[in-house]
Amino acid sequence: MLYAKDITVSLGSKPVLHGITCTAAAGEVTAIVGPNGSGKTTLLRALTGDIAHGGQIALNDRDVTGMQAWQLASLRGVLPQATPLAFPFTVIEVVRMGLMAGVSAGRNHLPEQALAQVDLTGYENCFYQELSGGEQQRVQLARVLCQVWEPTLDGQSRWLFLDEPVSSLDIAHQLQVMQIARAFAEGGGGVIMVMHDLNLTAMFSDKVILMKNGRIVKTGTPVEVIANEPLSDAYGCKIDLSRPAPATAPLFHPATVSTH
Amino acid sequence: MIPSFFKLTAATCVAVLVLGAPSSAQQPTSDDRIVSIGGAVTEIVFALGQEHRLVARDTTSVYPAAALDLPDVGYMRRLSPEGVLSVNPDLILTEPGSGPAETLDILAEAHVGLVQVPGDYSAEGIVNRVTSVAAALGVEDEGAALAEEIRAELDAAEAEAEALSGGNRPRVMFILSMPGGRINASGIDTRADGIIRMAGGENALPEFSQYRILSDEAIITAAPDFILMMDRSGGGDHATADEELWSHPAIALTPAAENRAVIRMDGAFLLSFGPRTADAVATLAAHLHGG
Amino acid sequence: MVALSDTLARGAIRGTDRAVLARRVSVFLIILLVIVSLYSLTTGAAGTSAAQALATWITGGEVSLRDRVVLLDIRLPRLMMGVLVGASLAVSGALMQGLFRNPLADPGIVGISSGAGLGAITAIVLGPLLPVAFVSLLGHYLVPFAAFLGGWGTTLLLYRVATRKGRTSVATMLLAGIALAAFAAAISGILVYRADDNQLRDLTFWSMGSLAGASWSKVFTATPIIILGMAAAPFLAKGLNALALGEATAGHLGINIQLVKRIAILSVAASTGAAVAMTGGIGFIGIVVPHLLRLATGPDNRYLLPNAALLGAILLIVADMISRVIIAPAELPIGIVTAVLGSPVFLWILLRRRGVLDL
């Protein structure tokens, strides 16, 4: 269980998050959506401890401020929006960085399995810097999976914090990544993801948090949040979900997810 | 695979040790093997007729020409211990200031003698130098004779200079170099200062010691009658160098510039304070006093 | 199984599993180091043969004093110093490149070079003004001691400036380092102005670097400091690897990045500080060695750091052999040799890989 209370973040003197209180349950996929500048990524960064913030955060009933970096690392993995790489490591070397001494020591088979999960088998010895943005994002996800391979360990849930994990991916891989998140949650782990794509959010999440201007404006199930009124309000444009697609502009919604 | 690899390595190591090394140097054939450091010291050794005992010299030892045939151990403040030892010396004769200290320590450990010759920049200093070198070489009689000869020459040269000057001591500025268009000139406590005074001149910059980069005001205030410089072109064309000198804005306002009075002399000849110094004094005096 | 994508079809560069290659390179470098060391003992301006001396000694004969001095008091301490200094410069270079996430960072980037240079010039120019007792106590160590103090002090100062509330900003450290270097240059300028000719020459030669001053006492003094400094390196390897992903991600992976930064900076300050203090300014080893190794076996610091130590030692020993022999019986400052060898190699590397990898 992730419990965040009264989270405030300011950039200089300008407040960006105004006292956010929210929860996320293990075994569920929680999505944070909202327009640009609503503070979604800022909230995620506060939850992962990247930026200074006011308020309290408890993960698995423990206050995170008291925890050391390695303790947190054994509990949760973080996937940022984009990850530059300063040196020419190969894909497998990057994924191996997710293996942590202690928790993952001696588990050298994990990197290859993780790469298989994100459909990058065969890329082990390619240079990370040569890959496309989407491929790089998948490599990073493989690294994160290496770090928190099991959704639960010793009775504790483990967590995935994902910042726009599918924004740079093609359709097939978007579905694949969302399915990985889904499977992780169903295994007992917790997933919190910042999302732009409302369709995928509706398809794969259990709980949606809608933000606007640094505040939460609605929390609930996808059916409750992804509805005309809350969305029109938050995004400031008229949204009508019941309107059928015009003949000249097909609406894309995959009926099934492909299996290999 | 691995055992044979290490065998190969071991064989290579042995081969390197045995084959890679040049043979040992031969045993010395004469009693003394001497390294002379400092232009004046080398000149004195030659003047005493002891040059057959020299095995190496330093970079400043450029006279006589035969000295240039000897191996050069480099800059005297930066001697390489193995380099010096490679000529198998028994004795090092040096002017003050050779180093670094670690090298001298190692040479002492290797039982190589070191004699430091005193280094005054005056007539007395030259004579002392001669007698010290002679004593170190064990040729005191020749040394005394040479010292007398040099003393007589120096006295004569200084007297001549005095006579020529008629009591008038022209102001002389010695310019070592002109880096980036600025003037690097000599104050007191330098060899240049010493030779200027011996030749009956007066140092235009008595306010400081050693060398300084001068401001324009300092140059104008110094008001030298003559500019003295080292001749870097070996007696060849000075036209461009002179143009550069006179076009310096502060120099152009000096009495020396009015008369285009620049004197260029070979550096080793002028400044070594050895056997040739009497000649140098005479030559300089002639320039200064128009003899 | 989905077919391999366009990326692979484009013929993107594929490396082999570089860990295996890196281990093989380590073995090769160890053997090369042994061979080069032995060769350096047999090479020199004096024609002393190590093999003959060894043979004489073993058979109970008397080795001449001169040969003993050459082998044991000149060549051997020089070899030891070369190994220490070469290794520490290369490892420090790799550490700084990992810390600043830039392959062009050199060990002096945290202020060691400008600080050490300022210390040296202060000692050279103001040394005569110090009380005689103090100077004679330090003896030959006056300049190295001052250089070490200068380098160490500058680095600590920069670290303080760049660290707030326990977080060290390497960007601030870099910029502050530039400012401090300018300040040090100004002070040096004043001292240079006051220096006489001999002092200026001493300073010039100091800054060109030399192993000529290597004596056993210097080796014994420098060894513990350099070894202590380098001992921290293996523990930093994983942390520096993770730093390549950015500080935030490295933190998420459980690395204590502030501790990694602090240890890296202190390690470099100690080992490079001592190396520069003893031997003056020797350039290029810190940049060229890690670079060459990265191109050969990849940027993984777990293999890069030990291999850098080996290759750095080898290169410095070779450079020292050249400096001792090329204008014998005089000696070329070793900084000149490393620069003359290092810059074309560096240029060649960059031109060869131009457009292939974005470094």
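Observations on the model:
Order as written gives the chain letters A, B and C; numbering starts at 1 within each chain.
Going forward, a residue touches a chain if its C-beta (ideal position, glycine included) is under 8 Å from a C-beta of that chain, and two chains touch if they have at least 3 such contacts.
None of these values were measured; they are calculated from a predicted model.
Chain contacts here run in a simple line, from one end chain through to the other with no loop closing. When the interfaces B-C and A-C are ranked by how many C-beta pairs touch across them, B-C comes first. Chain centres here are Cα averages; for chain A and chain B they lie 78 Å apart. Centre-to-centre, using mean CA coordinates, chain B is 37 Å away from chain C.
If you average the CA atoms of chain A and of chain C, the two centres end up 44 Å from each other.
Listed in rising order, the residues of chain B touching chain C in the complex are 9, 12-13, 16-18, 20-25, 56, 59, 71-75, 77-78, 80-88, 97, 100-103, 105-106, 109-111, 210-211, 213. The residues of chain C lying in touch with chain A in their complex are 1-2, 4-5, 7-8, 12-18, 101-103, 238, 241-246, 248-249, 251-257, 294, 298-300, 357-359. Residue ranges on chain A touching chain C, taken from their complex, read 48-50, 68-74, 76-78, 80, 83-90, 92-94, 97-98, 100-101, 119, 121-123, 125-127, 129-132, 135, 147, 260.
By the touch rule above, chain C contacts chain B in their complex via residues 31, 34-35, 38-39, 42-52, 54, 65-67, 69-70, 73-75, 139-140, 193, 196-198, 201-202, 205, 210, 212-213, 215, 218, 324, 327-331.
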